[in-house]
Amino acid sequence: MITTFEDKPRDKCAVMGVYNHPRAANFVYLGLYSLQHRGQESSGIVTNDNGTFYKHIDMGLVADVFSETSDMERLIGNIAIGHNRYSTTGMVKKINAQPLVVSSKYGPMAISHNGNFVNSQVLHNKLEDEGAIFQTTTDTEIVLHLIARSKKEKMIDKVIDSMDRIQGAFSLAIMTRKKLIGVRDPRGFRPLCIGEKDGAYILASESCALDILDAEYIREVEPGEVVIFDKNGISSYRLTEKIKNSSCIFEYIYFSRPDSRIFGEKVDKARRKLGKMLALENPVDADRIISVPDSSNTAALGYAQETGIRFEIGLIRNHYIGRTFIHPVQTMRDFNVRIKFNPVKGVLKNKRIVVVEDSIARGTTLRYLVRMLRNAGAKEIHVRVSSPPILYPCYYGMDFPTKEELIASQMSIEEIREFLQADTLHYLSLEGLLNSVPRENCGYCTACFSGEYPIVPDHKVIKHQLENGIVTD
Amino acid sequence: MITTFEDKPRDKCAVMGVYNHPRAANFVYLGLYSLQHRGQESSGIVTNDNGTFYKHIDMGLVADVFSETSDMERLIGNIAIGHNRYSTTGMVKKINAQPLVVSSKYGPMAISHNGNFVNSQVLHNKLEDEGAIFQTTTDTEIVLHLIARSKKEKMIDKVIDSMDRIQGAFSLAIMTRKKLIGVRDPRGFRPLCIGEKDGAYILASESCALDILDAEYIREVEPGEVVIFDKNGISSYRLTEKIKNSSCIFEYIYFSRPDSRIFGEKVDKARRKLGKMLALENPVDADRIISVPDSSNTAALGYAQETGIRFEIGLIRNHYIGRTFIHPVQTMRDFNVRIKFNPVKGVLKNKRIVVVEDSIARGTTLRYLVRMLRNAGAKEIHVRVSSPPILYPCYYGMDFPTKEELIASQMSIEEIREFLQADTLHYLSLEGLLNSVPRENCGYCTACFSGEYPIVPDHKVIKHQLENGIVTD
Amino acid sequence: MITTFEDKPRDKCAVMGVYNHPRAANFVYLGLYSLQHRGQESSGIVTNDNGTFYKHIDMGLVADVFSETSDMERLIGNIAIGHNRYSTTGMVKKINAQPLVVSSKYGPMAISHNGNFVNSQVLHNKLEDEGAIFQTTTDTEIVLHLIARSKKEKMIDKVIDSMDRIQGAFSLAIMTRKKLIGVRDPRGFRPLCIGEKDGAYILASESCALDILDAEYIREVEPGEVVIFDKNGISSYRLTEKIKNSSCIFEYIYFSRPDSRIFGEKVDKARRKLGKMLALENPVDADRIISVPDSSNTAALGYAQETGIRFEIGLIRNHYIGRTFIHPVQTMRDFNVRIKFNPVKGVLKNKRIVVVEDSIARGTTLRYLVRMLRNAGAKEIHVRVSSPPILYPCYYGMDFPTKEELIASQMSIEEIREFLQADTLHYLSLEGLLNSVPRENCGYCTACFSGEYPIVPDHKVIKHQLENGIVTD
Amino acid sequence: MITTFEDKPRDKCAVMGVYNHPRAANFVYLGLYSLQHRGQESSGIVTNDNGTFYKHIDMGLVADVFSETSDMERLIGNIAIGHNRYSTTGMVKKINAQPLVVSSKYGPMAISHNGNFVNSQVLHNKLEDEGAIFQTTTDTEIVLHLIARSKKEKMIDKVIDSMDRIQGAFSLAIMTRKKLIGVRDPRGFRPLCIGEKDGAYILASESCALDILDAEYIREVEPGEVVIFDKNGISSYRLTEKIKNSSCIFEYIYFSRPDSRIFGEKVDKARRKLGKMLALENPVDADRIISVPDSSNTAALGYAQETGIRFEIGLIRNHYIGRTFIHPVQTMRDFNVRIKFNPVKGVLKNKRIVVVEDSIARGTTLRYLVRMLRNAGAKEIHVRVSSPPILYPCYYGMDFPTKEELIASQMSIEEIREFLQADTLHYLSLEGLLNSVPRENCGYCTACFSGEYPIVPDHKVIKHQLENGIVTD
């Protein structure tokens, strides 16, 4: 038996782009490396050397895909885009790895995409009706078909024309013969920011990719904005009039790296506020506060700071784990948790423990963790979750378990507590969540908590991946 | 330094298709294995299980690409097509490996192609103008675009409509949701035959693929014919009125396997006639006849039979050689030949030797061979070539050296003899060649010898591979 | 350029053994996985099925070496030993991967070793003089030669006889046809403990390997003890009279996992005391305490607890990094640190920061870290090291930089502070170190700090690896 | 199901050595390449650069093992030895790949071995009794133990002393710190020859390895001779007084390459004589003579020459086959033969065919071949075997099927004919065989035909591979 580990929502992909650097690929490489947490299935870079595109894409982590110096040396040119892709069980396909590159009337074009279209099946069918043929099952190929078929004359108009037909979440980096183009959907679901270093422009999903390059953070690509980097510098266009944006609040809770700045705020700061707010809403009389490392660390520190209870490292995470693992001992029920975490008995023994977790999807991992803590001697276990119960699926690029698998959509909080075998269980309220993040210039999508979908998808059932009857390996 | 070995024209690819066998992939696999001589760069199979297509394609020999039992077990379905691709130096690209599979309005479609279009650039540009995007640099993708865009209603009409727009050489196996389709261009440049076993129909480039399956040889797909295998059995359609066909005479000289039957004749028989005719035109007073193994064996036997001179094995060929080889001894000038052939001194010593070779492209290999034979003690060396001097490039699917590299287009025969350091050198005449092959129902393309091109390509300079500005690995 | 990352002393290997479990290999596998931090170069398991030994060893992490279910299924038998090996630059050799297996008069024998002999060259030469031939350059092979050549009759006497000839550090798991044997050198340099689960006995370098199996911790193998597991259960023998032991104090400082229990104490507890003692000895007026994650986390928490200054996560560690990494941006001086750590600006900006680090070897990494923190806005940076200055090389199994590379043996503390560009720098005193660890039943080797070597090596210059004139790959 | 193909006895290994060439490894590489037919399981080279040995050994063909230029560039030094190893089913082990390299009192030593000891188990046990430990299951390791333990002072005396203890077949290349040593057992079972080029000396199993280097053939290493190449040039020593030699006659029949010269004769010449003698002993009235390619080609030509019947190529051999092959069509009984050979129908149809085969072991392949020829239209099939019936196992280095599997030891010739479904079947007589090979200075081992073993093995049952209770992968 092979075991996989994901029990949390997963974001879909990281996007990078660089304009006007003699070794653009190197910048993209480092950026992708720092964005590895957004996708570990495949990685790719496409460069542009005076109109000739060079491509290297493969399955695996950034460091593995570009493990040879020669891989990088081939990627010449001063424009480049890159992509990390995440993996869903059983759908790992090299053919869907990005960036996607095609030739067209306008020469070669390449694209990296983070997000999800809610009308992709409609667009796909319409394009096929018009005679298009598809080689992948990604939303991304749709964008290239739309651009290639647009009747507009100028590239910027083709892009705007195409984007106007797409509904959903998309942060894109598009590379044409002479330009690098960044696009963010009108509601700004996913982050995308602009940096600058030594006269080169950088597009990146999160600002941590700028930090690793020691590049200057300029600003976010605004919701509904198209930015074009070319020989005239940077120009900005709008897809539509400004509408209320709906940035994914889960980026603050779990997805983004704490050292990134997104939607105008440092993630670390927002996450600590979540912990403090959680403490205000749900205090507890306990001896120690521990986090489920590493994603809940900051919230746990916030909780500790607010309550004055001592923060300790009560769980050690094994970082040598791969994404899959042979399960040699079939009778060991909590195997998944056991190979990922080990309790620090000295911290836990005879103590009343608060465990801070950022979110609960299925709850199975947390259940085993609670048992592990109990076996290690914890006297009481109080679970505190720094986000509200996840009740609804996401159609904008997060890969959740299905509604049936989301524990909070199937059980009451008391039932979940019982399932987890925790002494107490409390979630942060939606109000508390919204009060912890900056509100001035930003609206949020909270659909997974509230069911209020900013864009209604055009089919009842949305699949994350188009089906086209082709099974590749 | 890495050395590659090809000094002969190379054919472009092998095609297989099977309809109505519960393990169609297995038949395709064995057929491709027997057609390995037509392409060693990549191999692939696509199967069709009630409309769902399964694909396994990779770089390498058939036995390597399908080296795991699980590779084959995944390929379920009772229709399948397959392909072997040949390799030209420096253009080995996985993205161009076939069969090519796409989804379209009509569901998934897959295609295997042997040949070369002479108007591919025109078609490619036209399709891009209409908004098509291309992901490969193959002719093959063009076919799929044409079919997907055809305004005709029925699949057969779409295929005919599309083929009518293509000029050049093509033997195709196309798989749709419910059909297997075989197509051969109106001039019948490349072979394609039909077999049958246990109620299953088989399409194959050469009949040796039927033999390995113990299948019955039915007939060739005729030039300009479209055959459709579906639940109604086999149906036949025509692309155009019958026109004079121009089958590639080089298939008899070198490409096809001697145990195959193509263009209505056994290759072995035709090849022996070439040897006899060569002997009649160019007799010689000598002690032994040897061949350059293995492709010239049959012609050498024919030559021996006609002249009564004893045939011997004077050169041993090393079959363990890969396609490339490290060249560790830089100072060894005839290294390429040395690792491929070893002379049998006992056969050669103090003998007057006739060396039969099927064809000469660059002449460099043969030059080293002559020297090797001389060093091994041969007293006289008489080179006899069982085809005329190659003077012109091929636009119909053979991968020749360029005109500048074709020795016969640069030197007189006496100069070639001098270059080879042979005592005498004679080629078979074009007339002798044509008199050795069946003429009743078949015309031949002899363009590489005569310069008479059956179809004039629409550009002065024809590239074998479309350029699209994308360099993949 | 390829970059490697180690700037800290590295321990040499992890040892596992299991007796009397139907799937002994599975237990060893999980144990090795939890001991991955002790060696990432190679991993191996040898099992014993009624006297037939099965072996699987390869370069790489545990999860990669045993990535196929079939790898594990082949490893049948109810006794097994395993090993993780660490890597020193440029000496990665598969031939040295362990366990080492040989056949001998007494049937097959296998051995796993953690430690270093100080008289290995002498023993090696003596054995060669007696006609022995060596196939590896490891200490480990010496043990097997000694046992095979011992004149004693019983296996236990052969083992004791052999061990008596060895000087230095060794924790061994030896498997013979019918027994599992654990040995720890008389001074007890390296840890080795005994566990039990479901009637099976387990030997492991650290107790975290028992935890992952949910096995019961029994006790340590005592310094100078030989434990034999066979059909008679567990028996204990002594190598020598008890002498003062010299356990490696660095195991508490850095090597062992915080959730392990070694030398009679929980590592986590000892490490927190180091932090508290460091605070008592070297308090500072500051705003925030951060650690260099992950190895310094516990000491930093101890420091925070003692001082009352707030602990924060000021550095994010990227866990996706492999052991090597292409360095695409040659001009980026602090590249090594940049791809491993990212500062959390919100935590650092305008703050007076205490950075707790467990130890300093070369100091280069820490220098870049200090600069990184400064650039992120830290107002003051106070480095506190939870161990004394490392001044001397280790001859007992730690892989240190050479004396010339050890910054503390080349510079005064003020010079180091200057080199690091820190505002202040303080180390824990040797006295403080010794006062932080349990002293009742345990003596420690502090040679790397004090130069007091418990056993004097018999050559002035000690190499960690025997040289035998053979360079393998 | 995976299919392997060997139905013939297989020789055990090829040996190469080079002394005094600045790029000795390159010479060894090319020599091994030309000796690939003697072993395809693994290949290795060890070089000696002023006493430091460099080693590269791996599973696979020469061209695959040394596929990187860097593999060769690492192998510096002006002395080198190499080895190709053959594979028997299920015993493919990297640990047994050669050359074997060890360190000893006399510095590093390496050895390549072709042959088989008949007293290896006795020697192995005796050495273990003396305290030796073994890491492989090869005869070869025994040699190194013997040399290392010899009490003699000079290396030549150690070698002679050791060889005197070994009984059986051995052609060895041994490399010490300063010497290259060639040894051939007193009966001269296996070939070993000496060549020279540009002042460098070469040892090789067959002379074809000299030809590929364009080196001069000097002479054979004589049976019972030890030749030493060192700074004093070449010196010769004897193991024993000259005794009647027993060279393996199967080398002429099947093993050696036809362009090699062994035991004082060209293989090609001997093999043609076998064909002629076979024709004289067993003439037949037939239309065509064909061979089972490639090993029987020369004998078939001899048969044709003697009888005047026309030689034709009636079977095409597929050279793309690997050593194993997925068997996707379980119901195809003659699958093994079908993927290896294809009949040329035009040659066979309605003809009376003589099939010349060099030897028959199991007979299963030939049986399917006869059926294949029959199905292709052959009117009569007359099998002629250019060696006598194989009745007995070989203890001197050939890997035969067991006695039970040897068809001729289980059936009468008439029964074999019936089994093969041939019209007639005749073998060459033992007398005819001996009359076809040079007799002046050479005696032969004919044990596999006659049962007369030159050296009686000391156990009733001889295994080709020592068992030591260790199963590696």
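For clarity, chains are labelled A, B, C and D in written order, and residue numbers in each chain start from 1.
Just so it is clear, a residue touches a chain if its C-beta (ideal position, glycine included) is under 8 Å from a C-beta of that chain, and two chains touch if they have at least 3 such contacts.
Please read these numbers as outputs of a predicted model, since none were measured by experiment.
Walk from subunit B over to subunit C along touching chains and report the minimum step count.
Contact-graph shortest path, subunit B to subunit C, evaluates to 2.
Identify the chains in contact with subunit C as well as subunit D, in label order.
Chains in contact with subunit C as well as subunit D: not a single one.
Compare the CA centroid of subunit A with every other chain's and tell me the farthest one.
D
Could you state the distance in Å from the CA-based centre of subunit B to that of subunit D?
So the centroids are 36 Å from each other.
Report the inter-centroid distance (CA atoms only) between subunit A and subunit D in whole Å.
Their C-alpha centroids are separated by 61 Å.
What's the distance between the Cα centroids of subunit A and subunit B, rounded to whole Å?
Their C-alpha centroids are separated by 49 Å.
Spell out, as numbers or ranges, the residues of subunit C touching 2 or more other chains.
Where subunit C is concerned, no single residue meets two or more other chains.
Determine the shape of the graph in which chains are vertices and touching pairs are edges (line, ring, star, complete, other).
Per interface graph, the chains form a ring.
So which chains end up touching which?
A-B, A-C, B-D, C-D
Under the definition above, what is the set of subunit A residues touching subunit C in their complex?
1-2, 23, 25-27, 29-30, 33-34, 36-37, 40, 61-64, 66-69, 71-72, 208, 211-212, 214, 257-259, 266, 268-269, 294, 297-298, 301, 305, 310-313, 316, 318-322, 325-326, 328-329, 332, 338-339, 342-347
Would you mind writing out the residues of subunit C in touch with subunit D in their complex?
These residues of subunit C touch subunit D: 51-56, 74, 101-105, 107-109, 128-135, 144-145, 148-149, 177, 468-473.
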